[in-house]
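The structures come next, written out as C-alpha cells.
After this come two complexes, each holding chain A, first together with chain B and then together with chain C.
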Partner chain A sequence: MIRIRTAIRMYPAVWLAPMLIVLCIWYARAMVFRSDPDPYLPSLSAQPMSTQGLVAPILAALAAWESARLRRGGIWQMSIVRRRIAVVAWPLVIIWAVGFVAVASGVVAVLVAKGFLIPDPRPLAVAGLVLGAHTLAGFAFGLLLPIVVAAPVAMAVSLLWQVMPRAIEPLWTHLLTSQQLETCCAVDTDIGVAALAAPALVALGVAVAAAIVIAGKRTPATAALTVAALAAGLVSASVIASSEPRGDVGVARNEAVLQCSGAVPEVCLWPEHASRLSEVSGIVRAAATAWTGIGVQVPTRFDEAFAGAVRPGTLHFRLWLGASRDHVIDSISYEMVPGYIDCPGAYMAAGAFDPLRAWYAATAGMSAEALGEEFGSLRAYSEDFDIEVLALVDDIRSQSPDRQREWVERNTWALGACDRSPDLRPAHP
Partner chain B sequence: MFGFNLLAFDLIAHRYQRGGPLVLSDFSWEMPPGRSVLLGPNGAGKTTLLAIGADALAPNRGRVRLGELDPARGGQKIAYRRAVAWMPQRVRAIPGMTCREQVAYVGWLKGLSRSDAWTRAQRALEIVDLTERADATAAHLSGGQLRRLGLAQCLTHDSKVLLLDEPTAGLDPEQRARFRDVLLGLPDVPVMVATHQVDDLADLFDAVAVMNHGKIVWQGSPAAFLALAPQASKHPGEDAFRLVLAPTSSPSSSEGVAER
Partner chain C sequence: MRLWLKTRRASLIAASVAASAALLVAVGELAVSLPSFGSLSGLSVPVALLTPAVVLLVLSYGLANGDAHLEAVAARRIWLLDNLLVVSTVTSTAALGLLAHAMGLSPLGTATARNAIGLAGLMLLGRHMSPRAGALLPVIFLVIVTAVGSNRDGTAEWWAWPAALADEASSWAIAGGLAFGSLLFTSRVRPSLDFSHSSPNG
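Up next is the complex of A and B:
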C-alpha cells in the first residue's frame, strides 16, 4: 500500500540503506581480506556473514520503531479489515530487504574481488532467515514494550543474541548464531550442516514466536505457544549444534573433486589450487626423493584432503594459492612429523618436534633464508643437552644416511607416546 | 433516503477488567435511522457502545448486528467492518504520513484496493474541506483538522453506518461550526454522534437518545427532547439534558423512553 515515494520519505530503513550497504561492503572486505583467502566460493560466501552482527541489531531497532509508529497511529485500535500480516508486511519487508541487500552487498563485493559473481546460496539463505527473525522480534518488541524504550531494547537484545552464544562454552553454542559462519572455511572443508541448520532453527523459533505476538491475540494459550516456539527452536538447534562439540563450522570437503598429478608420489590438490599442480608436484617429488635417499619412509600420496580423514600411505598437507616453494616444503615437512599427543601429564618427546621438522625441511631443500626464519630462534634441549635447532640439524645432516635415518626413526618413535624420551644427540650411544 | 440496515445491539454486556464494573449490562437497542445523537455524561458508556458497534471492541457477552451482518459470525466480520465506519474519540496521526497518505492508508486498511484508496482519499478530503492540507504531515494538524481527518478516514470506504465519538469535543466554536457544516454535507447514511454537547440539535439530527449508566434513558425527536426544557429556557438543550438525567425527574416524551 505504501507508495515508493512515501516509503523513501517515511521509513528510516530506506534512509539508512545506502549507509548500511557501504558499511557492509567495507566491513566484509576488511574482514575477509585481512589475509589472502583462496578463491573458494563457500568460504568467500560465508566469511562476510560477520556483517550480520552490525545489520541485525539495526533491523531489530528499525522494526521496533515501525511497530511503535503503527501503535502511535492507533492502527490496532481501529476495526480494520486487512489481516495483521498484510498490515505489518509492508514495513517488515522493507526493513528486511534493506538488511538483506546490505549483507548480500558485502558478500558480492568480496566475491567480485576474487572473480566470482554468484555466491554460495547457503550462507545467504541462513542470513535471510536470521535477519527476518531479528526484524520480526524487533517488531514484537515494539508491540510489547513502552514505545520510548522499544527500539533501544530491541537493538540491545539483538546484539546480545548475536554475541553471547559465541562468548560462552561449551563451544557448540557458537554455532547457534549465523555469525559463526565467518570462520568458514579452509579450502579442505565445506560448510557443515550444523552450522547452517542450528542458526536457522533458532531463527525459525524466534520468528514464529514473534509472529504469534504480532498476530495480536493475547491469551494464555498464545503465550504458551510463543514460549513453545522459542523453546522448540532453541532445543532443536542445540541438539544439532552439539553434534559438533568443538563448534566447527567446516566439515571435510568431498575429496572426489581433488585433482591429482598421476605421478609417484601422487600429489592431489583442490581445484582452487590446481593451476599449481605441476609445480607443487615437482617440489613434493624432489622432497620425497631426498627423504627416500636417506632411507626415510615416504607416503605414496600427498593431498590437500581434510586432515581429520587420515589414511595410511597418504600425507595431508595445507596449501594456499600464493604459497612459495619454501612454504610447500615447510607444509609437507610439518606433516611428516607425527602430530602432538594430548598427554595427561608431560609430553616427554615434545622437544623432538621442531628438530625433526627442521631436518625434513632442510633435507627437502628449503632455502637457508627460510630455514633461518622458521627455525633460527628455536633450540633443542633435554636434561644434558641444549643446542640451536639449526646447528643440531646441520650436525645430523653431516652424518651418514644410516645415522640420519636412525636419528629420525628413534625420535619419531618417541613422539608416538607420552612417556617416551627423545634422543636428539647426533651420536647415539 | 437512508439504508434499511440499522445497527442493533442485543443483550450486550461488557466490563474492561475482570471484576471491574459493568459498563454495559444486558444492553439492547436499535440505532434510529437518519442522523442521531447519543447524549450522555462522561462515563455513561457511549464510547464503549460505539467501539462495540464498530467491532473495535468485542463485548464480553451479546451481539451486535447491522441488518443480517454479525461480526461474531465466521465470514461476516470483514463485510461488517467495511459497512461500519467509526471515528474514535481520539483521532491519531500516523507519524510521518501526510493527510492524503493517512486517509488512503486507512481506506486500504478497510479493504479498499490501492488505487481506490488513493482516489477516494482525495474525495474524502474534499468533503471534509481538508484539500489544502492534503500534503501536510498529519501530525501537524490542529485538533479540529485532526477530527476532520478522522471523518475523512470514515468516508473513504462504502460504509453503511457512521459512528462518530465526540467529534467536536475540545474544539473552539469556529471549529465546531465548521465540523457541523461538514456533518451536514455527509452522504446519506445513518450517522450516530456520541457527545455530551447539546447545541443545535434540531438543525443537525433526526433523533436524540440519552444514555446514562449504560442504559438508554430517553429517546425521541430533537423537538420532543427540547420540549422537555422549561419554555423560558435560554439553553433548552442543556436544560432538557439535565432534566432527563436528574434522578427524581420523570420526563414525559411523546415518543417514550426507549430503555429496555
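Up next is the complex of A and C:
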C-alpha cells in the first residue's frame, strides 16, 4: 500500500488531478449547457462523456511516462522481491483513478445543476473501462517504445483512438469510441446496447492485449495472444456496432413510462414533461377540435414516443420542457403533414410541405408572430405556381371548410409519392 | 560522421519523412474533431496536418541517442550537426508537402509544410527543457489545438496555427518564428547536462 504522501511525491498524475477535475467540470458544463437540456438522466449522464477525449490521452501519456520511468530505473533488470503486478498496479490504479474521478466530476457537476445526485451508471461504467484500457495501453507503450517517444506516441494514439472512428464511414464505426456517447439522447430515446457494448469491447480487447505486454513474457505465443485479443475486441465490437448502421447512440425508449391525459384525443408525455401534461393536453385538444371542424381526420392519440414506432391513429410529436404554446402547435402541425420521401429523382410535391404545415399551424391557433417567424420567408411552389406561404394560407383559410378540406386532402395525397404534382391553387377547378 | 549518422538513426529518420509524405497523400482531407469550448461543432482538424508529428517523433528519438556527455566534450561540434539534421529533415518534409500540393496529390500539402516547420521549433524548445520532452511538447500542443483551438465560428484561433488555412500569413509567421527562434536559442544556450543518466533513451 502506497501512502498518500508518497503518491503525491511520486506521481505526476496526482499533481495534475486538481487541474484535470476543474477542466472536466468546466468542459462538461460548457458542452452540455450550450443548450437548455431536459432533465433526462441518461442524457445528462452520457453527454459529459465528451471529456474522455481530453482525459484519455493524458492518462495514456502519464502511464507511458510512469512505465518509462520504471524502465529507466532498471527495475526489470533487478531481482525484485515483489511480484511484477505489485510493482505496476499502484501507478496504474492511481492514474486510472485520477482520470475516472475527473470524468465523474464532470458528470456530477452537470447532474447537480439539473437537480440530480446519482448518475445513470451505464456511461460511467463504460468510461471506467475505456479509461482503464487507455491507461494500460499507455503503460504498454512505455515498455515497448524508446523512452523519449513513449509518452507522446501514447498520447497521439489515444487521441486518434477516441476521435478517428467518428471521422470515418460507415457510420456505425462512430460507435466504436465512447466519445460518441456525448450525442445521447433525446428524451424519446435511451442509450442503446450497441453504444455501450461496442466501445466496452474495444476497450476490453486493448486492455487484455496491454496486460499481456505488461506481464512481461515476450514469446511468439504471447505476441500471438496480444494480436488475438486486439482482433477479438475489434471484431466483436464491430459486429455489435454494425447493428446500428446509422451510428445512433439512442434507441426507442420504453413507452410504458409515458403518462397520459385520459381525455380525447389522448395526450401522452414522458415523465420529464409530465408537469405540463394538462396544459399541453389542452393545446392539443384545441388544435384537434379546429382541424376536425374543417373535416380533416385527426389522430386519436398524440404522444412523445420515438418517431420510428409507427402506429395507426397515433401521432408522435416532439416536446421539450420549455416549449411554448406556439412550439407545441408547430410540433404537432409538422407531424400532421406526411414526411418527406427520399426520391431517386425530383420530389414533385416538395413545395406543398410548408404550405400544409402552415395551414395546420394557423388553423390550430398559432400566434401571428410565430407564424411570421416560422413561415414568413417560405414560398409555396409547384410547376406553374409560386407564392408566399402565408399569403396562400390566408387565402385558403378564407374559403369554406369543404374547400379547405379538399385542398388539404389533395396536397397531402400528392406528398405521398415522388411523381404526384401538388395543386396548391386556392381555387381548384 | 558515419558513426554520428548511425547513432542518430538517420536512415530511420529518412524513412519517417517518406512515410509522412505517403500518409499525407493517403489520408486526403479526412478530418477529426473534439467537442470544443469555442464552438458547437468543434474544430475540424485534417489528419494530414498532423502527419509531420510522425517525423518529429522519430527525429526526437534519433537526437536522443548517443552519449550526451561524450558529445559535449567532443572535438566535433555535435550540436551543430544535430541542428543541421533538424533543418534538413524539416526542409525535406516541408518540400515533400509542397510537392504533393503542387502535383495535386494533397490539397493540404502547403499547410503541412508550415506545420513541419513550426512543430520542429516546438520540438527543439521541448528538447532544450528536457531530452525526454522533445516529442511531447508538439503532441501536447496539437491535442490542445484540437480541443480548445476553435473560435465560435468553428475556425482556428490565432494561436492555433497548425489548424489554420495555408493562406493565413500569421500562421506562417508564428511557425517560422518558432522554428527560427528555437534554432537560434538552442544554438546559443546549451542545456546543462544531467550526469545522473547516460542516455534519455534508457
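In the analysis below, the second predicted complex is superposed on the first by the 427 of 429 C-alpha atoms of A that agree within 3 Å, B and C clash if a C-alpha of one lies under 4 Å from a C-alpha of the other, contacts with A are read in each partner's own complex, and residues count from 1 in each chain.
Going forward, a contact is a pair of C-beta atoms (placed from the backbone, for glycine too) under 8 Å apart; a residue touches a chain by one contact, two chains touch by 3 or more.
In this text, all values refer to a predicted model and were calculated from it rather than measured experimentally.
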Following superposition onto chain A, is the placement of chain B relative to chain C best described as a clash or a fit? fit
In the superposed arrangement, does A:Leu160 touch chain B (first), chain C (second), both or neither? second
With the two structures laid over each other on chain A, which partner does A:Arg72 touch: chain B (first), chain C (second), both, or neither? both
So, A:Arg9: does it touch chain B (first), chain C (second), both, or neither? first
Should A:Ala346 be classified as contacting the first partner (chain B), the second (chain C), both, or neither? neither
After superposition on A, vertex chain A (C-alpha centre) with arms to chain B and chain C, in degrees to the nearest 10, comes to 50
What's your read, chain B or chain C touching more residues of chain A? C
Quick check on the superposed pair: does A:Pro146 touch chain B, chain C, both, or neither? Answer first, second, both or neither. second
May I ask you to decide whether A:Ile80 touches chain B, chain C, both, or neither, giving the answer as first, second, both or neither? first
After superposition on chain A, the shortest CA separation from chain B to chain C (Å): 6
State which residues of chain A lie in both footprints, the one left by chain B and the one left by chain C. 72
Contact residues on chain A for chain B in the complex? 1-3, 6, 9-10, 69-70, 72-75, 77-82, 87
Of chain B, residues touching chain A in the complex: 54-56, 78, 81-82, 84, 86, 88, 90-97, 101-102, 104-106, 108-111, 114, 117
If we count contacts the way the header does, which residues on chain C are in touch with chain A in the complex? 30-35, 37, 40, 47, 50, 53, 57-58, 60-61, 64, 131-132, 134-136, 138-140, 142-143, 146-147, 197, 200-202
Taking the complex as given, what residues does chain A use to touch chain C? 26-27, 30-31, 34, 50, 53-54, 57, 61, 68, 71-72, 146-149, 151-153, 155-156, 159-160, 162-164, 166-168, 179, 182
